[in-house]
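Shared between the two complexes below is subunit A, which pairs with subunit B and subunit C, respectively.
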Partner chain A sequence: MHIMEGYLPMEWCIVWFVLSIPFIIVGLWQMKKLIDKDQKVLPLMAVCGAFVFVLSALKIPSVTGSCSHPTGTGLSASFFGPFVTAVLGTIVLIFQALLLAHGGLTTLGANAFSMAIFGPLVAWGVFVALRKAGLGLGLCVGVTAAVANLVTYTVTSFQLALAFPIDGSIVAAFTAFGTIFAVTQIPLAIIEGIICALVAKFIVRVKPEILKSLGIIEDAEIAKIQGEAA
Partner chain B sequence: MGGGFHLHLHKKKSEKQSIFSEDVLDDLAISSPLRKVPAAQKLVLCIAATVIAVLSPVIYLPLFVLISMIFASLVLAKVPVRIYLSLLTIPLAFGLTGAVVLLFVTGGGETIYDFFTFAGFHIQITDKSLNLAMLVLARTFAGMCSLYFLTVTTPVTSLFKVLRDVHLPQEFIDLTMLIYRYIFVFIGEAIDIHNAQVMRGGYSTFKDWISAFSMLTSMLFIRTWEKGEDIFLSMNSRCYDGVMLLPEEDTQTSVKYAVIIFAYLSLLVVILALEMIL
Partner chain C sequence: MKRSTIEIIVGILIILGLVVFALATGGDSEWGGADGGAEDMISETGYEPWFESPLWAPPSGEVESLLFALQAAIGTGVACLIFGYWLGQSKRKDEKEA
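Up next is the complex of A and B:
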């Protein structure tokens, strides 16, 4: 859910930039620590950023007949955590604006806050909680991706409502924007959840080492998922 | 035919098989006649013009920015009209949707046309909502056309130098450069995988579609990860020490462009001031 270049009034562009920047700084700082510890992190982060971009540029059909795009941030949040996702997501948003004209430079702060920061942060919390509860990886990643998508859409509706209240009422505007976007976003979130769940399981079957090195799965569960497929 | 294997040979001829809906804008920028204008100046022009257009309380200034940016892209940067129009269709759809929402749900002022009230929403067009929708549409288009002017004249690689000149953290710049490089590698891979899947009857039903798409995504992720490990090796064997070098850009150092851009932006500021006073 990108807010287009020029859509938001200037004061809101600035507010969302100010809110987003601390998260990106923390993300960069964490990333720098990781890179100092292991130089391999930089190229791996880079290919993951490129992966998120390509994923978000793929068409997936949505019920309304138009095409939509997966956000990819839910997958990134479950694999790499929220702060790294904040940095990667922001870079991806810059490239989406420059290469595809999705979003824009003045609305970058607002889009980064909803798509790269708040959505992934909540989704990551959900992921950690579900994993602690002992649920399977596929289910957790699927729910996380759907949550990331829905939270992002809620935040975007809220951002639009703050900028364009209806007769002075933010609540009314939020309900209006939320209802309109729900038509496309809720089916999209479900589809993205299903896809990400299948993706996580497929990766465990084909190349579990990657997920093991990220510390999100243990040998016992790998054996279980691989056993299901056989 | 058993086994869920379907061949789809009867699709409409006009239907594109690619899974990428958009043209990547960088191709135009590389062959642009304005490529040698310093990237920083074009970036300032784009952002400043957008900001001034968004600040405008009435529709005239955004329209002026819109027209001048279209002129600059088509005449000065010589972008073919057909490509430019096709680029505009995506933001046109998004922008119109956004404006229509504002048109129907916001209110105030005199009612022009009253549709109905549904679940607490009063769907109506008032003179204030019409004004707001037109203004936001004009601002959005002014912003989009400014952004397009930047993207069709400036390859992303020249923008990296600007990032370094404003002293963003080196990790951020290196990461951005690597991501940019690998976007194109992975787009190529995704298209190859997609073609292979379509050849084998993937994407024929909705269920097939879901499973084929998740397989594509998974394979892409695994391949990207392997590629990342390869890059680490190749960077290490070339003595990577935390700073990637940028090739020197071949730009014209003439002050001509700076003066033109300054004059244009000053004109915009004057119009904005006039709009706010009048």
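Up next is the complex of A and C:
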């Protein structure tokens, strides 16, 4: 999903920066509020950020004969919502743009919007809906992570299609870019979902009180998940 | 066996299965990056990137893979440090209650 440096016309770079910046500002404000309220969320935030770091560094071969990488934003989107995730994801994108020449500074706004904002935003909506429906935490986090991954790449295809229509057709371009990403991404979304689901359940076993204070989980489910490891 | 252990084993097997299946059925694909695929498609239209990274680009694939490994290592290090700390805390709590 990384649009490379210089590969997006300047006007689109500006559009995506303008759309991304409010999310990051709200995210910084939410982070500060959460940490002021209870310092104990800080390690959980660090773990969520660390997972974006790890998973987005892994380029995994997929069925299409090409490689792509997970986004790792599902854990953060589930626990903290899209705004905090916007901050964590953008930190990773800046690291990659500056040190790895992967992505870029001009395309940072666009890449942040797909990976750190819109993917997590939709995924967070899915997480809230599934939790309301009473599904288990592991399953919910897993599906959320997979959705974050797939939506991120859909947004990238859309961003590229807007900037590079084929014969004037955005739809044709969206299909073309989407084909490069979509099928490649499906197995990776499943892999990412499994990893995030297992990690979420591990966190419930060792440190449930943080998730409880965030309103993610109740005592009954904590006892059930902890019972599975006994 | 504990249910949690079974879940972890099944999870790892599915992940390995997906990757092995991809590699086995991929034939003589190039295994390039999908990001690069999109970049090529844009280049074919004759588009020239209008901006280049002001800092530097990794001089070779080896250096780039070093930096990616470093990125993963930093992430894993932070996550495992915190996981270990939590695990120790929860063990101590269990001992107190016992």
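Here is the rule we go by: the second predicted complex is superposed on the first by the 195 of 230 C-alpha atoms of A that agree within 3 Å, B and C clash if a C-alpha of one lies under 4 Å from a C-alpha of the other, contacts with A are read in each partner's own complex, and residues count from 1 in each chain.
Simple rule for what comes next: a contact is a pair of C-beta atoms (placed from the backbone, for glycine too) under 8 Å apart; a residue touches a chain by one contact, two chains touch by 3 or more.
Please read all numbers here as calculations on a predicted model, not as lab measurements.
Asks: With the two complexes superposed on chain A, say which partner A:51 touches: subunit B (first), subunit C (second), both, or neither.
Replies: Once the two structures are laid over each other on A, A:51 reaches both partners.
Asks: Would you check which partner chain A:220 touches, where first means subunit B only, second means subunit C only, and both and neither mean what they say?
Replies: Neither: A:220 stays clear of subunit B and subunit C.
Asks: Touch test for A:228: subunit B only (first), subunit C only (second), both, or neither?
Replies: It touches subunit C, and subunit B stays clear.
Asks: Tell me the contact category for A:133 with respect to subunit B and subunit C: first, second, both or neither.
Replies: So A:133 meets neither subunit B nor subunit C here.
Asks: Overlap the subunit B and subunit C contact sets on subunit A and report the shared residues.
Replies: 2, 4-7, 9-10, 43, 46-47, 49-51, 53-55, 57-61, 67, 95, 97-102, 104-106, 164, 176-177, 180, 191, 194-195, 198, 202-203, 206-207
Asks: Could you pull out which subunit A residues touch subunit B in their complex?
Replies: Counting only subunit A, the residues touching subunit B are 2, 4-10, 13, 28, 31-32, 35, 39-40, 42-51, 53-55, 57-61, 67, 87-88, 91-92, 94-95, 97-102, 104-106, 164, 166-167, 172-173, 175-177, 179-180, 191, 194-196, 198-199, 202-203, 206-207, 210.
Asks: Quick check: in the complex, which residue numbers of subunit A touch subunit C?
Replies: Within the complex, subunit A contacts subunit C at residues 1-7, 9-10, 43, 46-47, 49-68, 95-102, 104-106, 138, 156, 160, 164, 176-177, 180-181, 184-185, 187, 190-191, 194-195, 197-198, 201-203, 205-207, 228-230.
Asks: Which residues of subunit C touch subunit A in their complex?
Replies: 2-5, 7-8, 11, 14-15, 18-19, 21-23, 25-27, 29-35, 37-39, 41-42, 45, 47, 49-58, 64, 67-69, 71-72, 74-79, 82-83, 85-87, 89-90
Asks: Can you list the residues on subunit B that touch subunit A in the complex?
Replies: 19-22, 24-26, 46-47, 50-51, 53-55, 62, 87, 90-91, 94-95, 98, 101-102, 105-108, 120-121, 132, 136, 139-144, 146-148, 150-151, 156, 159, 169, 171-172, 174-176, 178-183, 185-187, 190, 209-211, 213-222, 224-225, 227-229, 231-232, 235-236, 240, 242
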